[in-house]
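There are two complexes below, and they share chain A, which is joined by chain B in the first and by chain C in the second.
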Partner chain A sequence: MILQLKLLFKNAFRRKFRAFLTILSVTVALLAFGLLQTFIDAWYAGAEASSARRLVCRNSISLTFPLPLAYRDKIRQIEGVEAITYGSWFGGIYIEEKNFFANFAIEPHGYFRLYDYKIPAEQKERFLRDRRSAVAGRRLVERFGWRIGDIITLRGTIFPGNWEFVLAGIYSRGTVDLDESQFFFHWDYLNQALKKIMPHRADMVDFYIIGVSRADLTTEVAQAIDQTFKNSLAETLTETERSFQLSFVTMSEAIIKAIQLISLVVILIIMAVAANTMAMSVRERTGEWAVLKTLGFGPRKIIVLILAESLIIALAGCIIATALTFPMVSTFGRTLRNYLPIFRLKREIFYFYLAASFLVGVVAAIIPACRAARVPIAEALRRIA
Partner chain B sequence: MLSAILLSYSFRNLMARRLTTILTSLGMALVVFVLASSLMLAEGLEKTLVETGSADNVVVIRKGATTEVLSGITREQAAIVETQPEIALGAEGQPLLAREVVVLITLQRRGSDKQSNVVIRGGREQSLRLRPKVKLVEGRLPRPATAEIIVGKNIARRFKGCGLGETLRLGLREWRVCGLFDAGNSGFSSEIWADVDQLMQAFRRPVYSSIIFRLNKASEFERLKADIETNPRLTLEVKREAEYYAEQSKWMAKFLRILGASLTVIFSLGAVIGAIITMNSAVATRTREIGTLRALGFRRRDILLAFLLEAALLGFLGGLVGLFLASFLQLVTISTTNFQTFSELTFSFALSVKIACQALAFSLIMGLGGGLFPAFKACGMNIAEALRAG
Partner chain C sequence: MEQPPLIVEIKDLSKSYHRNSQTISVLQHISLEIEAGEFLALMGPSGSGKSTLLNLIAGIDRPDSGTVRVGGVDIALLSEAQLARWRAANVGFIFQFYNLIPVLTAFENIELPLLLTRLSRQERRKHVETALHLVNLFDRKDHYPGQLSGGEQQRVAIARAIITDPTIIVADEPTGDLDRISAEEVLTLMDRLNRQLGKTIIMVTHDPRAADKARLIRHLEKGLLQ
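Let's turn to the complex of A and B:
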């Protein structure tokens, strides 16, 4: 048994350079897949993190149209509505356009009730007390090196002018994967200013977020809300937070799907090259298999030997890929975090690694192994002479 | 003469191991395909938006607004802008100027429950005169002061309620599609057009989004820009239409290029490894041949060249196949949301000479990268040992 194992490893790594390259190409293919999958997951992360008990209500024409603030009280009266908050996409620019981050004007009491943000109590209180203040996510604060008490100026794109905020608190995510790179300030602050400079845009909000008391009530509540405002000047479209988030993702889905498809094909080809190499190294040694047969190895044993050899190579690639996935994903996550705030590895990827490398190993070995097992000894030996 | 022999030697060697050659080249072909297609996508996006704007037209939007959708211009401001003497006059002596409203509406795609944001533009007949690319292809133009719309060909095909004779419900009114227009390969083909006053009334919008006009003389642009932007009663920004649209592709084109480049780099690693494996085994199985060639009087340099040539050929072959496949993408149009404007835009992959050269150069580099090490190994062989090898 030990002798056979020794034979196995000696065979597998007989040509060190080739074995190394084969392992490397399996590794690269798996890593490419892992990275790609994590990237695509990150794209959908916003939808993943949404709660089944939250609804988003917006103007049915499109998101760029607001809803009257007066809807708040009407929505509140609908049965099943537990909590409500509202806000507007502010779209301000911090110094330069490339510093993009999401900034919202929100009604804070309801917002903190609906979302599980962690903010130190005294910071939260300071934010709630001061209407000119704002809270920012942990990552955003790190990115710009802000400190509590700093004055942050945003240049409005939707609401003209320069807007100043005092950073009162830093939030981080609680138990759910919430985006830690957003910026929130008081909707009241925005509204007071609008009343002076653009009265026709005051008392309007971009969206309502509604907490429903039971998850199975969401459909009914959403329908009830839309029914209430049907045939009014601002008809609403209410959907679960998940489908709201997904509607953003599906807008750019064409590109994502194309990337996914092409990448899978490339990975398959890399795998095929690796499998071809493994098969080649078995074919080259037809004579040796004949010698082993002469020594008394049965065809089944030969098949097992060849299969095992190929699996060793493929699984070595899998192990290296697994080890490299962690540093790779964290490096990419850090580079991309301004674009894709939630970039996290899923455990399923490793199951895929294992399955894929096993498959490559078996596919590469199966035909040459059967041939080596069947080839008549005399013929095989004659070939090397 | 010698190089001709080497070339045919390299070429025949590739032919001799067809399966391996095909697999390796295919790997490289796909990497080149990925590179070319992402560059073509970014190019196509830019081309579409550059073609949308005309160099003679000027766009005025609110200061700080990055797009027409975010902009707002009051009637008073519009009236002031209209008095600028630099604005060209049309045949009937009216200024070639249009006050327009641009809003986003959410529409349902045909054949699925997915939604997208589409631009609806409210204008007047001058809007058409300012955009000669926009041509009615079916139906008729909207009658003034009615809830009739004309729809760009890319939108009519893709969205529910947008075909000729169909109706859209917006702002408590039914809007009838009375015509379809084609604006060639420009962003207008992804828009819906309506009467500006009807639209403002329906959406209860008191302000315009933008003012578009033509200049008498293109050279007067700078003066006009300074005039309007320094006027304290106007908080407006003046841009050439061509520049305004070109800017809208910047962010997304950059995103597509970065994405394509990262994918290409990762995959090219795999393809280069494939090439190394192939070339390495080519050298290993031909040790005796190499010895024979050396014994015949071929120098080390020739051997190096032969194997590098073989590797380059392998890469180039892949490059050609990849580019050939990618060139078919020009027939494909992509319809997706431009993040910068948050609206649907249809554009196609565009191949340029520059992209073709980049892709082929990259395939050569990949091939040579794969062949370098094995080629040196081959040329470093000792004649006697090589001849003795199995």
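Let's turn to the complex of A and C:
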């Protein structure tokens, strides 16, 4: 066994520079795939984190058209509705535009009931008590170096003026993968101010989030809500949270599909590169295969030797790619955190690495291996004589 | 005195090659019998078919017609996989250009055919060390082929050829790439294998000095055995 392994490794790395380049190409391809896939996952992260028991209700014309707060009580009465909260997109800017992060005015009691945010009890209590307070995600706090008690001023873009908030709490994700870079404050605080500065926007919300008692009731409840407000001044469109999240993503679906396709094409190109390398490597050792066959190594053993050699190269690429994926994703995640807050590696990526490198190894070597196994010994020996 | 048994029986053997649309007849209706323990030299000019005949006896080529029985087995009837197993157990090869695996040491090159046996690592080691002592290369066992002279490489190849204790040893121009002294060493070694260990050796050569070591010389001329 040791001699076979030595023979395999020595053969695999006989031409060190060529082996290095092939390993490098496999590594780069897998890294590119891993990064692109993580990017796509990050794109869909919102939809992935959505619950099957949550509905989002918004104005049927567009999300930019608000709904009356009065809908809340009517929705609550619909059978199957377990919890309800509401909120508005605030769209405030912190110091300058490049500091973008999502900020919402929310009704906190219902919101914290529907979402699994982890906030220390005393911070949560302080937030619920003080209408001017806000909570921010852990990553957002880290990004700007905020501390509890800090006054954070947002410049309104939809709602004019400078809005001051006291940071009362820092949330982190609970059991599900929630975005830790958002900023929430009291909808009441916003509404109170709007009554003075923009009375026509007062008592209006951008969306309702509804918790349904059973997942199988979502369609029924959504239809019931929309039916309730049919022919009203603000008709509603109620959909599952996942559909709601995906409606943002689908706008760029073509780009995502293109990225997926590119990542697969990269793998195919690498297969061709590796196949070319293996073909060259096997071909230049035709004489050695003939000698091994002469010594009694049967066609199957020759195929196994060549496949194993190819797999060593491909799996070496896989191991290096796996080791480099963590720092690379971490670096990209840091760079893109303002746009893709959930930029996290999935375990499935590594299963894919393993499967792809195995496939590359086998596909690259199968034809040269079969040829080497079939080549007549006498002819091959004549060639090297 | 009792006649030694026949180890090789060739009857009416013919072989031709096809190049483009041409058919080149290499061997024509060859019949040959070789006794166990024989040291046979096949001589003849280039292209006379001696290497082809050797390849057919060793089971690395297939005849167009006729039979080749080695140790009682009609090897033309064996499948590729069966033939590979048969070669591993019954034939030791010595090539003109040694054909050692360059990435393996002398020891490992000799051990290579034993990987196809059921011997344990310890047993393999003992066998290889014995073979290395026999070819007087024990002190070079960890050297790679590139670090050995031509004569030493050929002695490693001989050790590899005998390591499985094969029925026959076939040698194709074993001294063809060696200087006179190295060639003499190799031939002396082959002579020892034949006389002391009783190995049957079939050697292709066009070197009369090499052929002198053999006990029987047969000539091939234009595919016909003289």
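Methods note: the second predicted complex is superposed on the first by the 382 of 385 C-alpha atoms of A that agree within 3 Å, B and C clash if a C-alpha of one lies under 4 Å from a C-alpha of the other, contacts with A are read in each partner's own complex, and residues count from 1 in each chain.
The rule is simple: contacts are C-beta pairs under 8 Å (C-beta built on N, C-alpha and C of every residue); 3 or more make two chains touch, one makes a residue touch a chain.
All values reported here derive from a predicted model rather than from experimental measurement.
With both structures placed on the common chain, the touch criterion links A:R113 to neither chain B nor chain C.
Once chain A of one complex is fitted onto chain A of the other, the partner contacts of A:T277 are limited to chain B, with no touch recorded for chain C.
In the superposed model, A:L233 makes contact with chain B only, not with chain C.
Looking at the shared chain after the overlay, A:K10 reaches chain C, while chain B stays out of its contact range. Once the two complexes are laid over each other on the shared chain, residue contacts for A:R18 go to chain B alone; chain C is not touched.
More chain A residues lie in contact with B than with the other chain of the pair chain B and chain C.
In the superposition on chain A, A:G298 makes contact with chain C only, while chain B stays out of contact range. In the superposition on chain A, A:R334 makes contact with neither chain B nor chain C.
Residues 52, 55, 58, 60-61, 80-81, 84-85, 87-89, 93, 95-97, 99, 101, 103-104, 108, 111-113, 115-116, 121, 160 of chain C are the ones touching chain A in the complex.
By the touch criterion stated above, chain A contacts chain C in their complex at residues 2-4, 6-7, 10-11, 14, 287-288, 291-301, 376-378, 381, 384-385.
Put simply, chain A touches chain B in their complex at residues 15, 17-18, 21-22, 24-25, 28-29, 31-32, 35, 60-65, 91, 97, 155-158, 160-161, 198, 200, 231, 233, 235, 237, 247, 250-255, 258-259, 262-263, 265-267, 269-270, 272-274, 276-277, 280, 339. On the side of chain B, the complex with chain A involves touching residues 19-20, 23-24, 26-27, 30-31, 33-34, 37, 41, 62-66, 69-70, 72, 103-106, 114-117, 170-172, 203-204, 206, 235, 255-256, 259, 263, 266-267, 269-271, 273-274, 276-278, 280-281, 284, 334-337, 339, 342, 344.
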